[in-house]
Every structure is written in C-alpha cells, then in structure tokens.
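Alright, structures below, take your time with them.
There are two complexes below, and they share chain A, which is joined by chain B in the first and by chain C in the second.
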Partner chain A sequence: MKIPYYPGCTLHERARDFDTSARECALALGVELEELAIWTCCGAVYPLVTDSVMDVLAGVRNLSYASRLGDKVVTLCSFCYNVLKRCNNVMRDDEDKRDKTNLFLRADTEARKKVESYTHEDYEGQVEVLHYIEMLRDVVGYDKVASAVTKKLEGLKVAPYYGCMLLRPKNEMKFDDPEQPTIFEEFLETLGCEAVDFPMKTECCGGFQVVNDEELAVSCSQNVVVSALKRNADIIVTTCPLCRYNLDRHQEKMAERVKGFSRVPVVYFTQLLGIALGIDKKHLDFTDNSVDPLPVLAEKSLF
Partner chain B sequence: MEERIGVFVCHCGTNIAGVVDVKRVAEELADYPGVAYSTDYTYMCSDPGQNLVKDAIKKHNLTGVIVAACSPTLHEATFRRAGMTAGMNQYQVEIANIREQCSWVHQGDKEAATSKAIRTIKVMIEKARLDEALEPISVPMTPRALVVGGGIAGIQAALDVANAGHEVILVEKSASIGGHMAQLSETFPTLDCSQCIMTPKMVEVAQHPKIRLMTYSEVDDVSGYVGNFKVKIRKKAAYVNRDVCTGCGLCVEKCPAKTPSEFDEQLADRKAIYTPFPQAVPNKPVLDAEHCTYFLKDGKCGICAKVCPLDCIDYEQKDEFIEEEVGAIIVATGYDLYPIENLGEYGGGKYADVITSLQFERMLSASGPTGGEVLRPSDGEVPSEVVFLTCCGSRDTENHLPYCSKICCMYLTKHAMLYRHKVHDGQAYVFYMDVRTGGKGYEEFYTRAAEEDDVLYIRGKVSKIFEEDGRVMVWGVDTLSGRKIEIAADMAVLGLATVPNEAAAKLASMLKIHTDEWGFLSEAHPKLRPVESLTPGFYLAGSAQGPKDIPESVAQASAAASKVAALFAETEYHREPVIAVIDEDTCAGCRVCISVCPYDAAEFDDEKKVARIKEAICEGCGACIAACPSGSAQQKNLTDEQLYKMVSAALEV
Partner chain C sequence: MRLRLTAGMVKDEAIDRVETLSGQSILACYQCGRCSAGCPVVEEMDIIPSEVIRLLQLGQIDEVLSSKTIWTCASCLQCASRCPKGVEFSSICDALRAIVLRIRLATPKVDADGLTKVMMSDAPQMGVVGALRKLNG
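Now for the complex of A and B:
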C-alpha cells in the first residue's frame, strides 16, 4: 500500500533520523510512504490572524499536491501536522477563504510556469491529513503492529511526550483528548514496553521561543524532562523535531540547575518502533542525540 | 344576521397615542362595513375604560368587540370578562395589537403607524364577523397527583398536595427517598445538619395517609391529558418482599458481596443487598442482582434467604407494573454532577485525591464513610492543605457548559469552612471567578468563611492539577495580584457543574414536556409561570428545572403543589375551546391528521371511517389543519374562511 507522504523541511535536514526510521518501519508494516513529487515548507506556524490568505498558501499548495496522489497525506513533524490539518480545515469549511486561496494559487501557477513545471488544481479540503501514529492505529492497525514486533521492548520505561501541536486547538486538531491523551501509551504497549504516565506530557517544550529566549525554552523543557525522570523514565519519545531539540539539547543546562539531575535520552517514537520491528540499525541512526540513548538501550539488551 | 361590531381604540397613555393618531383611527373605522360603534379612550383597561366597552355592548347591541390595544397576552382575559358581564360571548371579543406590533416598533413614522393600526383593526373586524359563540370545554378531574422524584423537592410537593387533602403517588427510582439532600452534611448558610432537617419530612411522607410511596419504582408510561392521566409505574424487582420485611438488617449484615456505594459516592462499599443509608425511608433493603453472588454464580450463595427470619427473600421476583389514574404530575427529577472524568485538566477520575463536591459532603457527614473526618482517599491521612475549585464545568463556553450552576460558590464556602472547623491548623483555598452569594444570609456566610475561618479566596481559575511526590499540585493564577500560583495541596475538591438527572431526559420525551438545550425542564414562562410546564397538567419542582439550592427547591415545590391544589379545587377542568374540529361530511379518513398531531389528540372513528379530535386533549396548534388535504380540519374561530378574509384585509385586496 502506498500512502502520500509529506516529510517537511526538518525531516530532510536536522531530523533525517526521524524520516529514515519512519520510512523503514512503514515498509516493514507493508506501507510505502510515497513522498510528494514537489513540496514546499508548510509555513511552519499556522497563522493566527483570521483575515490572512497568504499564510495558508504554502500549506494548501502541499495539500493540493497530495490530492493528486491519493486521499490521504501522512506527516510526522508536529508542526507540519498542525499547519496542514488546520489549512485543510480552512479549505474544507471556509468557502470564502477557499475561493480566494484557489484564485491566488491559479495566478501564482501562471507566473511560475516560466521557471518550472508546476500546475495547480483547485483544492477543496478533500485530503485527510494523518499523523504517522494515526496511520499506525487506523490504517495499519495496532494489532498488526503488535504482530510485526520481533523484539519486545520489555523492561524499558518510556515517557511519551506529546507537546502541544498535536493536540491543540482541540476543536480543530481532534487528535486525542487534549488533557489526558493516550494514543502514544497505547502504541507503546503494542511494542511491549512500559508507558510512563507523567503529568507534563502535554506541557509546552518552549518551541520556537528558543530562538529569542533560550532561558524560557530551557525552563519549559526542564519542567518536562524532570517530570519524566521523577517517574523513572528510561527514555523519552517525541514526535516533533523541535520538541526533541529542546528536551535533548538543554540537558547540560538542566544538569547545572537541578540537583541530582540524571540525563535521559530523547528519541523519536519511530526509532523505538524500528528496534521493536527489527529494522536494520543503520536506518535508525542514534547519532544525532546530545544524550546518547545507546547505553540505556544496551543495558536493556535492545540495541 | 347583520353584524354590529364595536371598535375601542386605546391610547395607552402615550404608548400608543404618542405615535398612532388614535382619533383618526376611531373615526375612519366608524365607516367600515359592519362597525356599529367606534371610539377611543386613554386607558381602556381601567375601570372606566371597561365600563365604556360594557355600556356600548348593551347600548348598541353589539355582536362583536375589537379592543385595539396591547398584546392579547396581557388584557385579552380582561376584556373577555368585561364582554361576558355585558352579556356577550367571550370568544366574540378580540384584541387588535396596535402597541407591541405597531406603535412601539414604528415610532419614527407616525403616518405609517396610523395606517398600519387601521389595517390591523380591520383584520380583526373580519375575524370577528365570523366568530362563533363558543363555550369553554369541561373535562372531568381526577384529584390525585403523581410526583416523580423523591428528593427534597418531590417530598415537599407531595406533602403539600397531600396536606391540601388530595391523594398523592410519590415515585422514587432508588431504594429510599431523600435524594441528594440526604447525602449532604450540613447546609448553608445556617450549618444545620441536613439529615436532621430532612428525616422528619421523610418520615412524614411514609406515615401520611394520603401519600402512596413507591420507592425502587419508575414511571414507564404516561398517556391522557390534564385531569385524566393514565400512568404506568414499574416497581422494580427488589427480590425482597418489602411488604413483609421489617428491616431487621440481618440479610445485609451477612451478605458477602460488596460493590461501591452510590450513596457514599464510591468512597465506601455497600452490600449487594442493601438499604442506602441508616435513615432510609422505607428502611427496607433491596437486592441489586447485578452484584449479587446468587445471580452471578447460578444460585451459589443464597445466604440472605437462609438468614431472613420472615422468608422475605424472593429470587424469582419480577418487575411489577401498576396502572393508576392521576389528574396532575409534578416532575422533580433533580440533578446530577457533571462527570468528573470530563475535567481531564484536573485529572478528574484519575487521581484519588481529586474528588467531587458530593464526595466531600459524604466525608464531612457524621454517617459517612469516614465518620465525619476529613481524610485523603489515597492514604487516609488528614489533609493539611485543601484546594476548592468553583466553576468546574460551569461558565466555560469553550470547553464545558456555559451556564452558572448557582449552588457551588455557597457549598464550597461551606466545605472550606467545615474543613477548617474539623482541621484547625489546615489551610483552605478557594479558587473563584466571582463569589455569587445571591440569597438571604449568603454574603454574611461567605464573609464569615473568609474573615473568621481564614479561608483563602483566590480570584482566578486553575489550569492544571497533577500528582507530584504524593501531593496534588495545583497550578492556577491569582488575577488580583497578576501572579501564577502553585499550591502543593493534599486534596482538591471540584465544584462540578449541576446537570439534569439523566432520568429527566427520558421522562421529558415520554411526557412530551419541553426542555432547554441542556436538558433542564422548561417552565411555561420564565417569570410569571415558573412552576408550570407548557403542557397543561405538568408542574416542575427543584433542580430538574435549573440549578437550585434547598430553599429555592422547597419554595418551587410548594408553589407547584399549590398550583395542583388549585387545579383540584374544582371537579372539572375548563379549557380554551379554540381547537381543531373535523367536518365528518368531507373527511376522507386519510388519517394524516392523526400522524401529525403532536398531542395524540386526533383519533379514528372506525364506524364512521373519519377522524375525530379529542376535545380534551387538542391544544389548538393547527398542525392537522395545515396537513388536512381536504380542508376538513378547521380551527374554531380561525377557519380558512376567516383567515382568507383577514389576510385580504391586511393586504387591502
């Protein structure tokens, strides 16, 4: 089965480990992630002003490409997922904005024809935007994932970190209960490991604030990491390159501030899935982490 | 016969006359065909005004009267009575509304308003021309009331109707009457013990010769109409012969099966055979088959039957159905708390030490699971810091319910106060949006909590509660100081929103009485008819109609009871005759009217093969008239012919 796949910029640059592990895992589960032939940045942040059409163009353009490949598009990064899903809602539910956006994209296409082969087809929100984990649950099925597991992650205590972008705003994202989500816990149970329930799993990591106020990002992510550590997590999983960055890279500073702080590795959920499915280690690539996950994985005889 | 119609144009001070040229209206209409007399007056509803109408009826021998004044909802009855005393049929007196629908809405254009007033009156003249003399419909009255729900509202309503000398059937779905009030510890703002003031009333119900108490029973079906309802009551199988049982309690003591107690809000267990609480009325157990070993394990157990000295246990007992006739129904089905699980941000249902307000009531109650001590559910320790949260689900348009649940500010104040009385060195915090103290002595009670009992009130909402190091961490904001607040507390009590009891929705649809969008029963008028349903014969009491505290529930229950007593004061009930009638000669018997009637008022006459309207039930809604393909269904005094002429007059064609 082929499913259209939108990687997003970060997965082609800083988060190649996320991209590769996700593709390989999908293949092992019988799904080929078919990368869109052309795609651009999603816009990275969904516009909060309601009168702007310009800001949804990038997202819609990508959705329009996806619509030519199939009725779904899968993505991994929480930001991309948030932006694409909300742009899709606009195109589906807001007739006025839909018409304006399509008009603009038609004109834009004419202009760009001179430099590249590029077409636009009017888009009406018909594609279903799926997060990779939703694909695992709803398209593949957790039971099939469980039966494909060759190495149960027994004894590993995993703290699933959701962050905000998957869950909020709840009326638009409709991903899971925004306060007490469980989709990742259920996923982790299919891999045979122990999901650690920690209260900061939906708190913000600091996000883009790291660019202009690193202190703020450190204190936000410290709040998350310490909470997971307190509940004896061996490892934290995330689904967002930015969350991974904040939780992982700031641990040096956290160690300076928090007495008795012990470092905890932060990996993508697809990397753990890869171990459980017995994917070749070279595709999982645990080299980009500040806190090396290999010791704890080795300790549990998982890697 | 030639009509002789009188037109009476009211000035309503300047309300009408300030905009409409009333003199011109009266003068122009004097020349309209069929008008025998036309005049105007400052206040037609005053005694001299009414006398003007009465004198004119007699002097000019009028056959119809049009009073051009305010809305008919205000003074139609006034002028109909005036007409009757002057010897006219009251249904030949009509109101033309030239105030709400004319002068008040066309203040900027006097000319247009005047011409509209003239046309409005002409419309009513056309109607009056063909108005028949009608008589109110009389239906017999069964002077027996059904009260649904045995909480404080149902109890009070039953007692008041019974004390007025009428029979009452009180139906309660659980094993005992008492409702939520029986669960409460003490009551605001006086701090008197809830059960102490409640139990005498419960006993009075049980002993009252006019009250037939049916606990562990539910209303299964209601048919009929005001004065003549037929109700089917399902007496649920209790597996105990409760007529013989003396309530000795031996079966309860020996029963080996346990399940969380509903009465104790899951803080303690009850047996599978149980009386909900020690002062239960009737104080006789019921057996809950869902948790009983005998039923779950194919007859293995039977201990209760073995120990019962009077052989009351009957495992073969079936639901029993009882049919009764009643004249009026008081619905007092009460409230539930908004599910705590819906408050995910506070870990509702997840953390043992985040509890509901009713759980805290049980904890405070001397007969409760902790014997009146405040103890953390997780470890049984005395909490030294407790956070109370108002508006958990209420006043939250985005996430939960938009309305104010009204009672939470006060009961949380009471909770905080009682906690401080029991744990002297404990700290109580109350997070609030506003402290709403609308009631006698309520503001003083709140002040006392804050000033004498040192309850710390923090104006702001709580964003998150989570467990950390064995405590419940409360993250909130103090909007007065503008600071974020973090409290490491031992326990959090959620003032959950009040929602209608789930039984109410089912009952409302069966009774065909209206509810609002949240499921609370709708009153006939929010101000002037607050205890009646729009459907005649149904009355509302207590929290089923909206969040209410005890005094309000009791007041509404007594009000509903007095309405019922007034209804029962006459042996017949009189209804408006402006209803549908079917012309047997033209009716083809297609039965469309029967299918569209929302009141089941249309029936089929098998002999004549035509439809017929039951006069006692028809509300005159007009659904059948619009649906009838042959025009055989007509509204009395609003026939197709009348409507045609009225519309023609309105359009001046």
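Now for the complex of A and C:
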C-alpha cells in the first residue's frame, strides 16, 4: 500500500534519522511512504492572526500537491502536522480565505509555469492530514504492529513526550485529549515496553524561542527532562525535531544547574519502533544524539 | 468622587484592532488566572498573561505593546487549552506583535545575520524559520 508522504524541510536535512527510520518501519509494516513529487517548506508556524492569507499559502500549496496523489497525506514532524492540518481546516471551513488562497495560487502557477509542470487545481480541504502515529493506529492497526514486533522492548521504561503542536488547539487538531493524551502510551505498549507517565508530557520545550533566547528554551526543556527522570524513565521519545533538539542538546547545561541530574537519551519514536521490528541498525542511526542512547539500549540487550 | 468606567469608554480603536487581529474577545476574560498559571514561560515575562488581558480591558495598550511578554510567548497554546472562556492568549500575543511589527515598524526581534554558527549548522530548520516568522514578522 502506498500513502502520500510530506517529509518537510527538517526531515530532509537535520532530522534524516527520523525520516529514514520512519520509512523503513513503514515498509516493514507493508506501507510505502510515497514522497510528494514537489513540495516546499510548510512555513513552520501557523499564523495566529486572523487576517493572514499569505502565511497559509505554503501549507495549502503542499496540500494541493498531495491531493494529486491520493486522499491522505502522512507527515511526521509535529510542526508540519500542525500547519498542514490547520491550513486544511481553513480551506474546508473558511469560504473567504479559500477563495483568496485559490485565486493567488492560480496566478502563482502561471508565474511558475516555466520552472514547474504542475498547475494549480482549486483546493477545498479534501485531503485527510494524518500523523504517522495515526497511520499506525488507524491504517495499519496496532494489532498488526504488535504482531510484526520481533524484539519486544521488555524492561525499557519509555517516557512519551507529546509537546504542544500535536495536541493544541484541541478543537482543530482533534488528535487526542490535550491534557491527558494516551496514543503514544498505547503505541509503546504494543512494542512491549513500559510507558512512563510524567506530569510534563504536554508542556512546551521552548520551541522556536531557542533561536531568540536560548536560556528560555533550556529552562523549559529542563522542566520536561527532570519530570521524566523523576519517574525513572530510561529514555524519552518524541515526534518533533525541535523538541528533540531542545531536550537533547541542552542536557550539559541542565547538569550544571540541577543537583544529581543524570542524562537521559531522547530519540524519535520511529527509532524505537525500528528496534522492535528488527530493522537493520544502519537505518536507525543513533549518531545525532548529544546524549548517546546506545548504553541504555545495550544494557537492556536491545541494540 | 465617583469614577465610572464602561466598556465603551475604554474600548477604543486600538483594542478593537487587537480583537479583530486575534479573533479573541478581550472582555470574555474574567481574570481566573489559569493562563498565567499554566504558561511555561511566565517566569520570563514582565507582565503575566492574565494581567496583559486586564490591561487591554482597561484600554492600556501602550503598556502591553512595549512589554517583554509579547516576545516571550512560544505559541504553545497551553493558555488556550486551560482557559474556561475559550480565550487564546497566544493569539492575542501574535496580534500584539503584528501591531508592533506592521504598524509601529519596530526593528525585528531576531538578528538574522547574528545567528550563531551552532544555530545555523545544528538547529532544526523549523526552529529558525519559525522564530523569524513569529518574531520578525
């Protein structure tokens, strides 16, 4: 089965480990992620001001590209998921913005004719935007995932970190309960590991503010990491390259600030899935982590 | 002396613009403070979220436009998730930044040329793009 796939900029560059592990896991589960033939950055953040049409154009253009391939598009990065889903809602529900956006994209296609063979077809929000984890649950099925597991992750205590963008705003994202989500816990249980519940699992890591004020991101991430440590997590999983960066890269600083701090590795959920499915180690690539996950994985005889 | 304050007296054009741009009702807020209690970056703010809304209710827009708060918000929407009245403080912050960047033509917050090598070679692109769009307009 093929499903249209939107990787986004970060998975194409800095988070290749996330992209590769996800593609390989999908193949092992009988799904080929078919990358869109043409795509651009989604814009990274959804505009919270009501008058902005320009800021949804990139998201809508990608959705329009996706609509040529099928009725669904799968993505992995939390920011891309948030932007694409909210842009889709606009095109489905807001007639005025839909007309303006389509008008602009039609003119834009004319201007880009010389470089691209694509033409714009008016888009009306018909594509279903799915997160990879939703694809695992609703398209593949957790039972099928469980039966494909060749190496149960027994004895590993995993803290699932949701962050903001998957969950909020709840009325638009409709992903899971914004305060007590459980989709990742259920997923982790199918892999045979222990999901660790921790109070900061839906708190912000500081997000893009790391670019403007690194200290702010360190203190936000520290709250999350310390909370997971207090619940004795061996490892934290995430689905956002920016969360991974903030939680992983700042642990040196956290160690200076927090007495008795012990470092905890942060990996993408697809990397753990890859271990459970017995994917070749070279596709899982644990080399981009400041805190090396291999010691704890070796200790549990998992890698 | 009796001082009488009504919505009509304090809700001027500037406050209307905040409401239109943010899509939020400033007067819906009844000051329970859950936005401030749940905000992960509140410690770095000079005016806490519920106070910003209170100042806007009283027409004190200049004070909030010059605050550090509007540049500190990370748009995580925890405030909106916890608000019993459905007010999205993050959207109000976006609107206030838009007013500063579009109308008052302030200098962009992030110095794009000054981004560190670490940031440019190691940080996820989404973070850099996000920060520039949110904070530089």
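As a convention for this text, the second predicted complex is superposed on the first by the 303 of 303 C-alpha atoms of A that agree within 3 Å, B and C clash if a C-alpha of one lies under 4 Å from a C-alpha of the other, contacts with A are read in each partner's own complex, and residues count from 1 in each chain.
Throughout what follows, contacts are C-beta pairs under 8 Å (C-beta built on N, C-alpha and C of every residue); 3 or more make two chains touch, one makes a residue touch a chain.
Here the structure is a predicted model, which means the values were calculated and not measured.
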| item | value |
| --- | --- |
| Chain B versus chain C as contact partner of A:T40, first or second or both or neither | neither |
| Chain B versus chain C as contact partner of A:C220, first or second or both or neither | second |
| Touched partner set for A:T109, first chain B, second chain C, both or neither | neither |
| Touching partner for A:E179 - first (chain B), second (chain C), both, neither | both |
| Touched partner set for A:K230, first chain B, second chain C, both or neither | first |
| Dominant toucher of chain A (residue count), chain B or chain C | C |
| Touching partner for A:N89 - first (chain B), second (chain C), both, neither | neither |
| Residues of chain A that lie at the interface with chain B and also at the interface with chain C | 178-179 |
| Interfacial residue positions of chain C with respect to chain A in the complex | 20-23, 40-41, 43-44, 71-72, 74-78, 80-81, 88, 90-91, 93-95, 98, 109-110, 115, 119, 122-135 |
| In the complex, chain A residues that touch chain B | 177-180, 199-200, 227, 230 |
| Interface residues, chain B side, partner chain A - complex | 344-345, 347, 350, 464, 466-469, 473 |
| Of all residues in chain A, those that touch chain C in their complex | 8-10, 13-15, 41, 43-45, 47-51, 55, 77, 79-80, 164, 167-170, 178-179, 202-204, 206-213, 216, 219-220, 223, 241-242, 244-245, 249 |
